[in-house]
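Naming follows writing order (A, B, C, D, E and F), and every chain is counted from residue 1.
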Amino acid sequence: MLHILTKAPGSDAAQQMQQAVGCEDAVLLIEEGVQAALKPHWEGWQDYHSRIYLLAEDVSASGLGEMVDAHVFPTVDMNGFVSLTEHHLQTVTWY
Amino acid sequence: MTDSENLLVIIRHAPYSSNLLREGLDAALVAAAFGQPVDLLFLGQGIMALLKEQGSGAPGQKASLPTMDMLEMYDIENLWTSEASLAAIGVPSAALRDNVRLLEPEAMSAFMQQYSHILNF
Amino acid sequence: MEYGLLVMGAPYTSQAPHSALRFAQAVIAQGHRLAGVFFYHEGVHNASSLMTPPQDELNLRDAWVELHHLHNVALDVCIAAALRRGLLSEAEAQRHGKTSFNLEAPFELTGLGQLLTLQKRCDRLITFA
Amino acid sequence: MEYGLLVMGAPYTSQAPHSALRFAQAVIAQGHRLAGVFFYHEGVHNASSLMTPPQDELNLRDAWVELHHLHNVALDVCIAAALRRGLLSEAEAQRHGKTSFNLEAPFELTGLGQLLTLQKRCDRLITFA
Amino acid sequence: MLHILTKAPGSDAAQQMQQAVGCEDAVLLIEEGVQAALKPHWEGWQDYHSRIYLLAEDVSASGLGEMVDAHVFPTVDMNGFVSLTEHHLQTVTWY
Amino acid sequence: MTDSENLLVIIRHAPYSSNLLREGLDAALVAAAFGQPVDLLFLGQGIMALLKEQGSGAPGQKASLPTMDMLEMYDIENLWTSEASLAAIGVPSAALRDNVRLLEPEAMSAFMQQYSHILNF
């Protein structure tokens, strides 16, 4: 399952998503979700470390490019977003 | 017409704050009317729709209680919520309608995997 | 693969329609088929033919219409959600005694059943809200 | 006292217009003067004459209009916010080459200056959003 | 100053309001704000104990009447809401 | 035309999430154009508008940077934020534009009392 988070890491939507992410699931952070780059200690970074991604276009629109580079957080572009949806049967958006 | 593809509708918004609760329930009712097995999961603010006392309706706004009561008529009998969400919003389980079932935190992911389709409101 | 989108955010209220449009373009660019977009909740405002943004801003309705014309993507709008929010086709306007309307082809008013059909028919249904 | 209201929530998206309307009625019932309501951001949707809710639901536009007729409350709608979101008067529709419109008197399209004037003129400006 | 809170006590809006409430200010909880009745340990109940009110109509619409009665939280009706705005020169809504 | 009634515009929403940031800034600009002294306070998500790097603009969406840059032209020079909000959102103060001033938690209430009018977006 792919989880798309569109809200900041402290939001209700984020907390609800965190309850639901299984150990085979991937997480994509878009829109306000990219603010997770400001929270290197957010549980998400530990819990899903190898399967969490930031949408690159939304990172640069938010002015968070430097933060993402500094922490080497993984990003995908729009094509990578499409690939993630190909590889997971189900997609759930948390907004 | 029945259907083996089951649907989970997740409700995460409170009755009067927006029309998301209402429009989420409508999607569940239509799926059920099409013969699709439907379960409902209430998280976060959505839990406010499960309060027993709830439903008198803010003056001038349509109450959600009638829609909630229609669920049973359409054979939507499984209303779920999560223990973690319940604790976070501060609702005691005694305040909930009778037919609500609780998911433990570890069970949530496996629970969601059971469904062919999910709609998240 | 065959994709469907569910859009529940309005222009100027939510970033969702912008994300959805860019995702739609990427899906098609990668050779997938985008069967349809279903507009529900506040997403119905995407269909407004009266939307008049400043000239330096994207007109989202026009962008959806272009997607339809180039790639034959169905643009379905939930009729119940639309009527409540003041989005009416010419036929609905007549039925309700209104002389104006603000929803035209290629957008189509349709029931929620269409969303469930889209979800079943497509390999993937992605929500933007 | 003289009151003004700023409404920034849309029907069916926010509880704000319902709260605002009930507050407006209480203000007047207590003998205050309600000078005007300014609709901004998503609040512009309150003015839609195409809003067609189910018959058992309150039509918020009609309720605002009634408030205007009974108590002479000005109903001002921010023109920039309205145009972006597809709310057009007949004059604006003509100016932009549209044949339909969905905003009529007693709602008036006006600039943001009107909000600042209302705030200065009134003893109290209360926001519902 | 009168602060009107329309969102739940854990929300960003509530946190921002809490920064801003001065010792002469009053607080009115409306719409989702009445969910503070579910949180008897919310800081607001301690911090502004004699000058915080729940809007009665929104309490009953939300089905929280029993909780409010149990904790004897103070409520006002719509006329009380109007009176609060009379008594404070400024009103700020947090939404 | 100048005016002794000063206005505080509070911005609490992020640049692209909704149009609230943009419409809040517009209100500030119009007040300034009318000769009213205007200050801006950025809280919560609104702080995202203060990032130096911010403003390239999501594809197809209007960037807010031009509007932010117009503030100075209209003599809106006081941009405030709160230390508590900054810490909550995780933005280091070094990432902010140069002309942003910080309010300590205890100062917030007295700060707001200075203004004849407040608009909260």
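Here is the rule we go by: a residue touches a chain if its C-beta (ideal position, glycine included) is under 8 Å from a C-beta of that chain, and two chains touch if they have at least 3 such contacts.
Just so you know, these numbers come straight off a predicted model, no measurement behind them.
Taking the definition of touch as given, a chain qualifies here only if it contacts chain D and chain E alike; those chains are B, F.
With D-F and C-F as the two chain pairs, more C-beta contacts join D-F. With respect to chain E, maximal separation of chain centres occurs for C (centres as means of Cα atoms).
Separating the CA-averaged centres of chain A and chain B is a span of 26 Å. Chain F has its Cα centroid 39 Å from the Cα centroid of chain B. Inter-chain spacing, taken between the CA centroids of chain B and chain D, is 33 Å.
Counting partners per residue, chain E has 10, 12, 31-32, 57-58, 92-93, 95 as the residues that reach two or more other chains. Touching two or more other chains at once are residues 12-13, 15, 22, 57, 80-81, 84, 125, 127, 129 of chain D. Within chain B, contacts with two or more other chains are made by residues 16-17, 19, 45, 58-59, 61, 88, 117, 120.
Listing the residues of chain F that touch chain C in their complex gives 16-19, 58-62.
Those residues of chain C whose C-beta lies close enough to touch chain D in the complex are 10-13, 42, 45, 48-54, 57, 80-81, 83-88, 92-93, 96, 98, 100-102.
The touching residues of chain F, when paired with chain E in their complex, are 10, 12, 43-45, 82, 84-85, 88, 105, 108-110, 112-113, 117-118, 120. Residues of chain A touching chain F in their complex: 8, 10, 31-32, 35, 38-39, 57-58, 60-67. Of all the residues in chain D, the ones that touch chain E in their complex are 1, 3, 8-9, 15-16, 19, 22-23, 25-27, 29-30, 32, 124-129.
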